[in-house]
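These are the structures in question, set out in turn.
In the two complexes that follow, subunit A is the common piece, with subunit B as its partner first and subunit C second.
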Partner chain A sequence: MLLSIIYKEWLKVRLFWGIALVLNIAVFVYLFVDIRHLFTIEHAEMIWYQAFKIGTLHYAYMKYLLVITGVIIGAAQYTPEMIGHRFRLSLHLPVRPNSMVLWCVLTGLFGVAVIGMLDAFMLYTIIARFFPHEGAESALLTALPWFFSGLIAYLGIALTAMEPRLSRKFVYLAIAGGFLCLFYQGNDYETYNRALWKPALISLLFIPSIILPAYRYRNRSS
Partner chain B sequence: MENVIEVENLTHCYGKRVIYEDLNFTVPRGSIFGLLGKNGVGKTTLIKILMGFLRPVSGRCRVLGEASHNLSPVARSRIGLLFEGHLAYEFMSIAQIEKFYSAHYPTWNRDLYYGLVDRLDLPYDHKIKNMSCGQRSQVVLGLIFAQNPELMILDDYSMGLDAGYRRLFLEYLSEYVKDGTKTVFVTSHIVQDLENLVNEVMFLDRGGEILQTSLDEFMTGFKQFRFKRNGSTNTLHRDDVIRNLDITGDNASVFSFLSMAKVGAHLAEMGIETAGLEQVPMTLEDAFIGLTGKY
Partner chain C sequence: MVPKLARYALIVLAIVVMSVYLPFLYHKVSEKKVGKTQLFFSPVIKKFVFREMVGEGHKFVTQDESGNDYDRMTFETLIPFVYYKNMDLWGKLPMTIDGRTFDKQTIKENRQVFELKPRMIADRSPRIQVFPLLESEPGVTRLRFPEDAFRMTDRMEFINVDTNTVDEDLTGKFTDAMKKAGVVFPARLTAGRVSILKPFDEGFFVVDVNGCTYHVKRVKGEPVVVKTPIPSDLGIRNIKVMENKKKEIYGMLLTNKGDIHLITCDDYRLIKLPLMDYNPDIMDLKLLINPLYRTAVYSDDHTIHAVAMDSQYRPISRYQRVMFSGRTTMADTVFKALFPFWIKTTDKTSSYLQFDLVWNGWLALIGIALSLLIAVVIMHLRKFRFKRDWPDFVVIMFTGIYGLIAVTIIDPEQ
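Right after this comes the complex of A and B.
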C-alpha cells in the first residue's frame, strides 16, 4: 500500500522533478563554464586571491537553487490534491491518515534530497577541477545550509498547502520563510560550520508538524 | 436488522445557519437508501460528516459500527465512496489509476473495472483530465465496483451525466446490489432515476426536518388531490392534513398522507369548494416536489 502511495506521488511530480533536475544541471553547467572562463581571462593567482583572501564565492548564484527546487516539487505534489479538495480521495484510502501524509512528504523530500545530493556532487567535482581538494570540501561546507534550505522550502509548501484555513496558511508561510532566513545569514566561506546542526535539527520538526494541518483538513467544521 | 449507518441527534451549522438540528436516521444493511432534498439542504454535508471529512457541532454518527470521524483503514476499505462531481486523480491515466487503487483493496476485481472502462474505447494511457464528465464517471464507477465494497456511498452520481451514462450507471448499480448483501446510500438531483432503484428514502429539508420511510410506503401513502380552482382556494394553507399545496392555472392541488375522504372533509371544514376532487397518480419526482415544494 505504501509503495502505491509513493507511486501516486511519483506520477504527480515526475515531470516537475525532471524540470527541476534539468534546471539544476543547467546551473552547474553554467558554473563550470563560468569558472573556466574566469581562468581563461584571469591569472590563476588573482583567482586564488579573490577566492581565498577576499572571500568571493564564485558559486554564490546557486544559493537559492534548492529553494526553487523545493518549491517546484512541493507545488507539483500538493496542488493536484488541493484543487477541488481531491485530498479527500487520499484520506479515504484504507491507510492510516498520518502514515499516508508522512509517506507523501517523505517521497517529496526524497525527490528534493536526490537533486540536492547531485548538486553536491556536481559542486564538488567542478570546484575540485579548478581548485585544490580543500577548496572543493570548503565549497561543500559553505553550500550545505543552502541544501537544507531546499528541504525547508519543500516542507513549508507542504505545510501551507495542507492547511485548510487561509489565515493559517500565511502563518505557516511566514514560519517557513523565517526558517529559510536562518540558513542565509552571512556571505562567507563555511559560515555555518559550527552552528548548522542547530537550525538543521529544529528544521526536522517540520516533518512531524505536517500531521497537524492534515488533521485539521480532515476534521474541519466548515 | 443490523444498521450500517446510525445517526443520532446530529446537529450541524455553518456559522449561524443551522443545517440540521437533532437529525436521527438509520440505514439498514442490504437497503438501497435514497437521500433526497433540494439544493442546499445539506446532502453533501451529511456525506462529508459520515465519511469523517467534517466534524459536526454535536451528535453521534456511526458507519459500519465505527465513529464516523475516526474510521479505521479496515472500515474505509469496506466503503466505496463516490465524491460529488466524480472526483478522481486527474493526473493519472486509465491504467495508472487502476494500478494505484488495486494495491489498496484485497478483493479487487480488475475485470469489473476494465469491463466498464473498455466501453469508453479509449487507450489505457488516456489521462483522466482529458476525459468528459461522463467518461470520468465510468472510470470512477469502475473503480468503486472493482473495490467490491459492502457499503457504497454515492454523492450525486448524476451530476453532469447525460441520460445514456445515467442509465448505464443505474444498470451496473442494480446488478451490483441484486444479491441483497450490499448497502447503497445515494443522493441524486435526478429524483426520477431513483424510483426504480431505492427501497428506502429520506427527505431532507432546510433545518433538517425529515421523513424517513420505505419507498413503497411513501408512494402509496403520500397522495395528490386535484380540484378546480375557485375563489375559496385563496384561503388554502398548509396544516397537519395538507402537507403542501400547488395552485397552477385552473387547478389547485393538495398533497397529503390521508385518504381522499379525510382530505375532502378537511377541505370542506376549511370552506374550500372542491368541485371535481380527484386523486392524481404521481411519480417519485412529483411526490418529492409535492412534499418539499417547487422552490
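Right after this comes the complex of A and C.
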C-alpha cells in the first residue's frame, strides 16, 4: 500500500518535478557560462582574490533556487489534493492516516532532496573547474544552508496547504518563513560551518508537525 | 496523542523562530546610537583623555582621567600626534614636547596604528587556505598578484590560476627551500597580508607542525625562507602581518594564552605588550604609536582599558573605565524581563554564525509570571481543561512570552 501511495504522489508531482529539475539544471548551466565568461574578461588571479579574500560568492544567485524548487513541488503535490477536498479520499485508504500523510510528505521531501543533491554535485563540479578544490568545498559548505531552506520551503507549503483554517495557514506560513530565513543569515562564505547543525536538527520537527493540520483537516475542527 | 505531540512540535518551532526575531525587532526599536569611547594618552599633560558620546544626537563629554572637561579644540591639542593635520592648520607646528621639537613630517613618519579585532583572528572567521605569494621585489612601483597561489599540504603546493593545476616546478622549488630551512609539514598556521594595496610585501609567516615559525618570501621568483627564533612552545594562535614603511615591526602575534607580542624587524625579536585583562575573543585592540609613546587601547562592549608605554614598551600609566555605551539602560532591563532567553545568530566578534541560546537571568521571572497570568485569562475564556492542556502552562513557565504567543496562536484541538 505504501508503495502505491508513493507512486500516487510521484504521478502527481512528476511533471512539476521535471520542470523544477530543468530549472535547476538551467541555472547551473548559466552559472558555468557566467563563471567561464568572468574568467575570459578578468584576470584569474583577481577572481581568486575576490573569491577567497574579499568573499565574493560568484554562485550567490542560486541562493533561492532550492526554495523555489521546494515551493513548486509542494504546491504541485498538495494544491490538487486540497481543491475539491480530494485529500479526504486519500484519508480513506486502508492505511493509518498519520502514516499516509508522513509517506506523502517524505515522498515530496525526497523529490526535493534529489534535486538538492544534484545541485550540490553540479555546484562542486563547476566551481572545481575554475577554482582549487578548497574553493569548491567552500562553495558546498556555503550553499548547504540554502539547500536546507529548500526542504523547509517544501515542508512549509505542505503544512500550510493541509491546514483547513485560513488564519492558521498564515501562522504556519509565518513559522515556516521565519525558520527558512534562519538559513539566510550569513553573507560571507562558510559562515554556517559551526552552527548549521542546530537549525537543521530543530527543522526535523517540521516532519511530525504536519500531522496536526492533517488531523485538523480530517476532523474539520476549523 | 499523535496530533497533540505534533502540536507541541509546531509550538517548539514557533518558539525558536520567535526567540530569534522578537529580540531582534526589540533591539531595532530600542537601540540608540552610542559610539564607543575614544581614549588616548596625552603626551602633553601625561594623562589619559577621552571623548565619549553620552546621549542622542551629538552629546559628548570630553575629559581627562581626573575629570577635567575640555572643549573639542583643546582636546585635540592635548593629543597633537593624532590630530597633527589640524595642528598644522592651526599653526601650532612645529611644537615642542618634553624638550623635543616635532614638525609635520617627523610626526607623520613616526606614527603607526596596529589593530586586532576578534574577527581578524584566524580561528574566528572562515578563510579558504589558498594564498597568493607576492613578489617582494617586483622591480616596479606597484605590487601585483602572481599567476599562482599556494596551499600548505605535505608540501608548499603552488597552483597555476589560469590552468587550475599544480605547478610542480614551483612547488618543488619552494618545498625544497622550506624543508632545507627545517619546516616540518603540514603547517599549523599560514599568516600574511593578502593585498596589493600596501607599500611592500613581507610574504608569509608559517608555523609548522612543531610550532616553529618561518618567514617565507618570494624574492625575484626565488624562495627565501628564514627560520625565526620565535620559541616553538609559545603557542601561536594568530599572526597579523602589517607591512609599514617604518619597517620596525612585521606584525602582531597572539598566543593561545591571550598574550600579544610584536614581531620586530630586528631579527624577529618579540616584544610582549603589558596588557592586563585583555581577552582577544571579545575585545578590539589598537596599538597607537607616536614619536614619544605607545598606547594600547582595548575594549569590549562594557569597559575600555588602556596602557601607555614608553618607546621601549615599558608601561608608564594605566587606565580603565566603564563606557557610557556599556551601561545598562532601561531598555536592557525591560528586554531581560520580557524575554527569558534569546537565540543569538550573529556576533560581531566572529564571522561564524552561532545560534546560541542566551539566558537573560532572573529578571525574566517577571515576564514569565506575567505571561502565566495572561495565559490563565486566555485559557479561562477559551474554556481551558487543565487535565488536558496543563503542558501549555509548562511551556509558558520555561519560555515566557514566546510560549504564551505560541500556545495561543496554535491552540489545542477541542
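Miscellaneous remarks
Here is the rule we go by: the second predicted complex is superposed on the first by the 220 of 222 C-alpha atoms of A that agree within 3 Å, B and C clash if a C-alpha of one lies under 4 Å from a C-alpha of the other, contacts with A are read in each partner's own complex, and residues count from 1 in each chain.
Heads up, the rule we're going with is that contacts are C-beta pairs under 8 Å (C-beta built on N, C-alpha and C of every residue); 3 or more make two chains touch, one makes a residue touch a chain.
Every value quoted in this text rests on a predicted model; they were computed, and no experiment measured them.
Partners subunit B and subunit C, brought together by superposition on subunit A, fit side by side with no clash.
Of the two partner chains placed by the overlay, only subunit C lies in contact with A:Ile210; subunit B stays clear of it. When the shared chain is aligned, no partner comes close enough to touch A:Arg36: not subunit B, not subunit C. By the document's definition of touching, of the two partners only subunit B reaches A:Leu91; subunit C does not. After overlaying the two complexes on the shared chain, residue contacts for A:Lys12 are found with subunit B alone; subunit C is out of touch. With both structures placed on the common chain, the touch criterion links A:Arg165 to neither subunit B nor subunit C. By the touch criterion defined above, A:Asn219 reaches both subunit B and subunit C.
Rounded to the nearest 10, the angle at the Cα centre of subunit A between subunit B and subunit C in the chain-A superposition is 140°.
Touching more residues of subunit A than its counterpart among subunit B and subunit C is C. Aligning both complexes on chain A leaves subunit B and subunit C separated at their closest CA atoms by 10 Å. Counting contacts by the rule stated earlier, residues 219, 221 of subunit A appear in both its interface with subunit B and its interface with subunit C.
The touching residues of subunit B, counted against subunit A in their complex, run 14-15, 51-57, 69, 73-74, 76-77, 79, 81, 83, 85, 87-92, 96, 99-100, 103-105.
Of all residues in subunit A, those touching subunit C in their complex are 43-46, 48-49, 51-53, 98, 129-132, 134-135, 138, 168, 171-172, 174-175, 178-179, 182, 185-186, 188-195, 198-199, 202, 205-206, 208-212, 215-216, 219, 221. Interface residues of subunit A, counted against subunit B in their complex, comprise 1, 3-4, 7-8, 11-12, 80, 84-86, 88-89, 91-96, 218-222. Interface residues of subunit C facing subunit A in the complex, by the touch rule stated above, are 2-3, 5-7, 9-10, 12-14, 16-18, 20-21, 125-132, 145-147, 149, 151, 159, 161-162, 164, 194-195, 345-346, 351-356, 409-410, 413-414.
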